[in-house]
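Read through the structures below before going on.
One chain, chain A, links the two complexes that follow: it is found with chain B in the first and with chain C in the second.
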Partner chain A sequence: MTGDGSVLVMVVDVHPQMAEQPEYIHSYLNSVIAFANYHLAFSRMNKVALIAANHHETRFLYPQPTGEKVDRQKDGRLEYLNHVDESIAEELKDMMCKTQSVKQTESLLSGAICRALLYTKRLEEEETIKKKLNSRILVIKISTDTGSQYLNYINTYLSAQKIGAAIDVCVIGSDCGLLQQGADISGGYYCCLQDVSELLQSLVMMYQPDIATRKKLNAPPPESVDYRAACFCHHTLVDMGNVCSNCLSVYCRTVPLCSTCDVIFQTDRPVMKALKRKK
Partner chain B sequence: MLQDEDDVQDQKYRWAASGYEKSWEAVGEDDSGRIEPSITEMIQKARRRRLLEREASVRLGIMRHVFIVLDMSQAMTEQDFKPTRQICTLKIVEEFVKEFHDQNPISQMGLIMTQNKMAKRCSDLSNNPHRHIEAIKKLMDAPCRSEPSIQNSLEVALASLRHLPRHTSREVLIIYAALTTCDPGEIDATIQKVKEANIRVSVIGLTAELRIAKEISQETGGTLSVSLNDLHLKELINEHLEPPAASVKMDHTLIKVGFPHQVNIDAKSALCMCHLDDLPSLNTRGYYCPQCTAKYCDLPAECRVCGLMLITAPHLARSYRHLFPLKHFSEQPVEESPASHCYGCLKNFTSSSADKNIYICETCQQVFCFSCDIFLHETLHSCPGCASNPSISQYKES
Partner chain C sequence: MSGEREDILLQVNHVRYKKNNGQLYLSQSRVGWMMDDSDTFAVSVQYSDIRTQKISPEGKPKVQLQIVLHDMTTHTFHFCTPESRDKQVAERNQTKERLAQLMDKRKRLPPDDLVEKKRMLDENEQLCQLYRDLVATEIISGDEFWKEIAVQYKNSMGPNQEMGISGAFLADIKPQTDGSNGKVQYNITPEIMSAVFKTYPAVKKKHSEYVPHRMSEAEFWTRFFQSHYYSVHTNSGSENVFSECAKYDDKEWNRDVLSARNDPMCDLTDIYEDKPMSIENDIRIAGAKAGSNIMHATMIKRFNQQSVGILKAHTYTEKEKVLDELAAQNPDSLPNGDAEPVVEVQKSKKARLEEKISYNDLEGPSKVESASLTINQTHRYLTGPTEYTSMQSLEPQQVTLLQHHLATEVSCWTPNLTDTQDPDAAYLQLQRFSDVCRRGRTSAGSRSGDELPRKLHKELTLVYSSAGELLRHFWACFPPRTPQLQEKLHKMHQTLGRYHDRTIRPFRDMAVNDYNCNVNILDHLLGMINIANTKYENWKARNCR
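So, the complex of A and B:
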């Protein structure tokens, strides 16, 4: 472990669909908060931030913009940890009460990851001695995926890669190819769990070590990532496709005109003629 | 030979060119007696101005093929750029090459150097930045000799660019220090040929404006600029990172591309095709070309066997940001801020005296601090406020 401590920004999915089973939500939130405490208790230098996202909004659970206030000690616990827990619980309650009818099945995780990136960037800037912060983002996801935030996701991955913040992804339930790409691009772990009861154990075993330490550990080999693009006409993944030279839309077969940017494609024949004439 | 009358008046001397360098005049103490905020403000203004200058164009030449012509003549040994013109320019170009490939993943680049009245290709068109950087490293130690030749350089670039498909944006960027060119024939004929081949030639001068450079850039639709100092040179070169507007003559076609599979673990080990020259070791990591199953260790690449362009979906998406840029935020003084803290990084506006202005996204009405505004527009290219608002992110989709 490096002595400098590390920054962990957790992006937690709190989509209301998890509330369908009471035990589920209890176990889920407990694991998340326990892991946040675990990270803080591990080293005095460690820092944590939590951002929650549901279908309606994204919100910082900890730290809060109003600033820090440390309460008196309760139950013999560390004041700081207690403060973190209370802050999380308070904000979560507020967030869930405001939740309106659920139409979308997807949480706004991409917005939350954006904010996580901005937050890490700020911590880095505020560092008095300019040095590389040991920062990573952990995304925990439970809701289903629709791919409507594709562009935002990709933008966050590329920025994360650029500023050197790894994005770890832990998905509960069905596999998520989009987030898997993110983990692969930014150099984080991806893991898909079947049940929420495995969450805390996986978090502690896999996601606790920082990026530098992970090189010394034997992680399960990464699965191969599917980097195929979906074509715009049938929304199926293609191995080989045609790309519009103007707007980069992907088509699975030859089309006469681009439906996205209304450009008429030149067929091969006139191009060949023009070349011959020039020669 | 020199610039127009107006230009000369606008252009100041190096010591007066940027607010930066006469900061002793502008620096003032703030209420708490600190001088840091006034400098920060100056830097902030300069960075934001640069962002505002960018304009979104409707049709862009996203697939770029760029040749950089480097002057390696006697004139590059002058020491007005520190340590020498040669080292200074090459260092900037090296940075440019890295950034170029990062921002234009489906574009290709090549290097040409000219000295001794001749022009030589240092690295072929490719989308692998490592080759270019190696070539630049070699040029760092190379001696600068004799006179350069614009005509020969253009001919060399023309020979490669002429045969490219017609949907690509063909560009030549000449970085030129000498005040002369030694050409074997009529340069006007070459300029005509370049123009016919639809190649855009831009010239960046290190010393002064040349008439021939002006003519070339005007004829071919490129830009001409002369650098004042090393910082300005960097700025001028980096202007070419953004893809140019597509020219009218450009055709639009469907380009066939492959989205390779990552090699699975139980695959047989194979040589990777991109490093065949350096005798690679057998391994199993890499990507297979979907057409001919040649293996590549890094993407994007052009298949050496079947010529298919191999990319991944994120590479395509990386170019989308040129097509769908993030809108500029509106600037407001911090006193009129509707929020007490930055939406992105939670920075309090009251406590930090460095922030004199706040920035509001006009779509989602969220407030951002200065450094977040710069980061969003320079790096991230999507607004967290809009992404966290279900009605806006759905609207975007349709």
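So, the complex of A and C:
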């Protein structure tokens, strides 16, 4: 809540899976827009950007690439907020109409987070007086997935950590360990909600204050994050595994050669035999 | 000075200081001045604090002595015995002499190795801490500490850099004139002597030849300063001692000039009229062009020679020193060695330039030869492993279907913010949220018990570091094959025991009593010591049999 205002980039999941609970679609979208408005109304200096991601594409809902247009006042609302709402709705409808053949089913959230990082970076560059922007990224996720973009996610998180951008994550439905890791790595909050009906309330309580302000508030303690990696051979999470010294593949048990990079490991067995013989 | 008793070595009455009359005292360790009718010292200066002393010139009406301290403050004493001026001068000179003696004595008092030790401790914080822990508490003796522990630190510190020679060292030897009868006095310190020796190896050779069999140290240096070698403008009979030096230097000079001529980095061809090689030892080498006056040319040559000498003295390695000594002993054989450097210098200009412009420490880390990584299963490597989950991912057809549903839903959607949040759901969420926060606060309190207070943490680190050092020395004794190692092993074992009694136990008591820590805070450390003890006992049992 500093005087400089802050930039909020929201990454919103609009995966078709939303339609499994048709009664919540409007509520979900309204909550997202309401929170964007809330942020903008909080301070004149605040800025917002909204990126939507589904299984097919990621797209800036606001600001639009075509640029801003000034509307006349409607219903006594602030023109700016009205404009934000309308451009979001417009772009979203356009995005939904495009139907292509489905190649993969997962939401392209990691790409959207990348774009969000780039956007904040660009804003920073465009500032006449270069300074660190008070920016954060909020990911709202509603679909379930299997995390086939594992490495993309991790790379994104590490970039975010490096440039010091916090990624907040709000997941609706089942827990998502991958995104939880991201929030933990980049210094954001992670929260998992049971359903959409309490989305706006949670957003306002958890994610409204900016990073600096949060330190002064009493947030729910972070849960311990499961950083266990899955092994390359059986795809199970391992507590303690073997790592290939050549390509860093993870194996859940000792293997004589790495199946990823074909390296043969020198084992210490012959040495031990020799020692025994000596004795 | 006040308070403790010291013997007064010299007392001079009628000395004024800041326009007050008083007495000047010299004692074993300091110089003091006391005002008349007073019993405390107004000035009291340790000899070790004095940088130098100065006396007023001969002609001045006041007879004064000034002492300059290291921090550049000065004290001036005015000798004003009413008897006579000669007496004043005599008193002043007596004081000066005595003061000089005492200062000299003082200076030598802290032996070099003590200073060295202090410097090591100052430079190395960890070593200093170890010293405090081990020696100050008498766990091991100081000698042992320096012998056993400090040596390793010293080795790890790398070689010391030798101090270079000031370019103006000759000019800094300031002769003091006596004024009346034209006597000139030089004060030579060991530093000056070593500087002269380093710069002029020939003089060193002469020195070792002549002193003390043929002349005294003082005579040697007198001759040196009187010689033509030192000062071109003096003529005296003592030429014979140093004339050979000049010859040697000229040979050396020829060699240097030769190598410089082959150096593409400096274009000296212009200043030589004749080929320097053709002339043996002549002034023409320095260049008739450099000045029409032969005197000037000589001076310039001498200056250059001295500069080269100083530069060389700086880069001497042991090997070169030996070579130079050999050369100095037999100056005539030098030309034989000339062929070698010429061949060596025939490097291409480009190579020389390369050599000059590249600095090792400015270059990036050397290129690491990276092994190429052949990936067998590219896809697996690039996507990384993901956990198989029980959750079924959606089928593409299903997704298409849902997409249609969503599109129709969204198309009939207009943002409506007034009806977004159901109040009941919000209330429930708020309750849940508060609950979690409250729980978080209480659990956070109990968790902080694991962390040590900063001060205790720091002390624990120190204890660990010292104990680790001792243990390292203990284990370094194994296998104890030599009697020395066995002795050291015994000693280290005792030391460990003492350390345990004197440091670790009190520390644990302190941690438990004052900081309310868990008793097992030192378990790991004690475990290490126990292992060492067991090992020692086993070894002893085996060896005693």
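Convention: the second predicted complex is superposed on the first by the 261 of 279 C-alpha atoms of A that agree within 3 Å, B and C clash if a C-alpha of one lies under 4 Å from a C-alpha of the other, contacts with A are read in each partner's own complex, and residues count from 1 in each chain.
One rule holds for everything that comes next: a residue touches a chain if its C-beta (ideal position, glycine included) is under 8 Å from a C-beta of that chain, and two chains touch if they have at least 3 such contacts.
Note that the structure is predicted; figures quoted are calculated from it, not measured.
**Student:** Quick check on the chain A-based superposition: chain B and chain C, clash or fit?
**Tutor:** clash
**Student:** Which partner does A:His55 contact after superposing on A: first (chain B), second (chain C), both, neither?
**Tutor:** Touch status of A:His55: both partners.
**Student:** Name the contact category of A:Leu151: first (chain B only), second (chain C only), both, or neither.
**Tutor:** Touch status of A:Leu151: both partners.
**Student:** Can A:Asn218 be said to touch chain B (first), chain C (second), both, or neither?
**Tutor:** second
**Student:** Contacts for A:Thr105 in the overlay, against chain B (first) and chain C (second): which applies, first, second, both or neither?
**Tutor:** Only chain C is touched by A:Thr105; chain B is not.
**Student:** Quick one: classify A:Cys97 as touching chain B (first), chain C (second), both or neither.
**Tutor:** second
**Student:** Should A:Asn37 be classified as contacting the first partner (chain B), the second (chain C), both, or neither?
**Tutor:** So A:Asn37 only meets chain C here.
**Student:** Give one of first, second, both or neither to describe whether A:Asp75 is in contact with chain B, with chain C, with both, or with none.
**Tutor:** neither
**Student:** Of the candidate stretches 41-49, 275-283, 293-301 or 347-355, which in chain B collides with chain C after aligning the structures?
**Tutor:** Answer for the clashing stretch of chain B: 275-283.
**Student:** Which chain A residues lie in the overlap of the chain B contact set and the chain C contact set?
**Tutor:** Looking at chain A, the two contact sets intersect at 55, 148-151, 154, 221, 229-230, 246-247, 250.
**Student:** Quick check: in the complex, which residue numbers of chain A touch chain B?
**Tutor:** Chain A reaches chain B through residues 53, 55-58, 60, 63-65, 67, 104, 108, 110-112, 114-115, 117-119, 121-122, 125, 148-152, 154-159, 162-163, 181, 185, 221, 224-230, 238-248, 250-251, 254-255, 258, 263-266, 271, 274, 278.
**Student:** Touching residues of chain A toward chain C in the complex: what are they?
**Tutor:** Interface residues on the chain A side: 14, 16-20, 22, 25-27, 29-31, 33-34, 37, 55, 85-86, 88-89, 92-93, 96-97, 99, 102-103, 105-106, 144-151, 154, 174, 197-202, 205-206, 218-221, 229-232, 235-237, 246-247, 249-250, 259-262.
**Student:** So in the complex, which bits of chain C are touching chain A?
**Tutor:** Residues 371, 373-377, 380-389, 391, 393-397, 399-400, 402-407, 409-411, 413-417, 419-422, 425-426, 428-430, 433, 436-437, 439-441, 443-444 of chain C touch chain A in their complex.
**Student:** Which of the residues in chain B end up touching chain A in this complex?
**Tutor:** Its residues touching chain A are 59, 62-63, 102, 106, 162, 165-168, 196, 246, 251-265, 290-291, 299, 308, 312-314, 316-321, 323-324, 340-348, 371-372, 375-376, 379-390, 393-394, 397.
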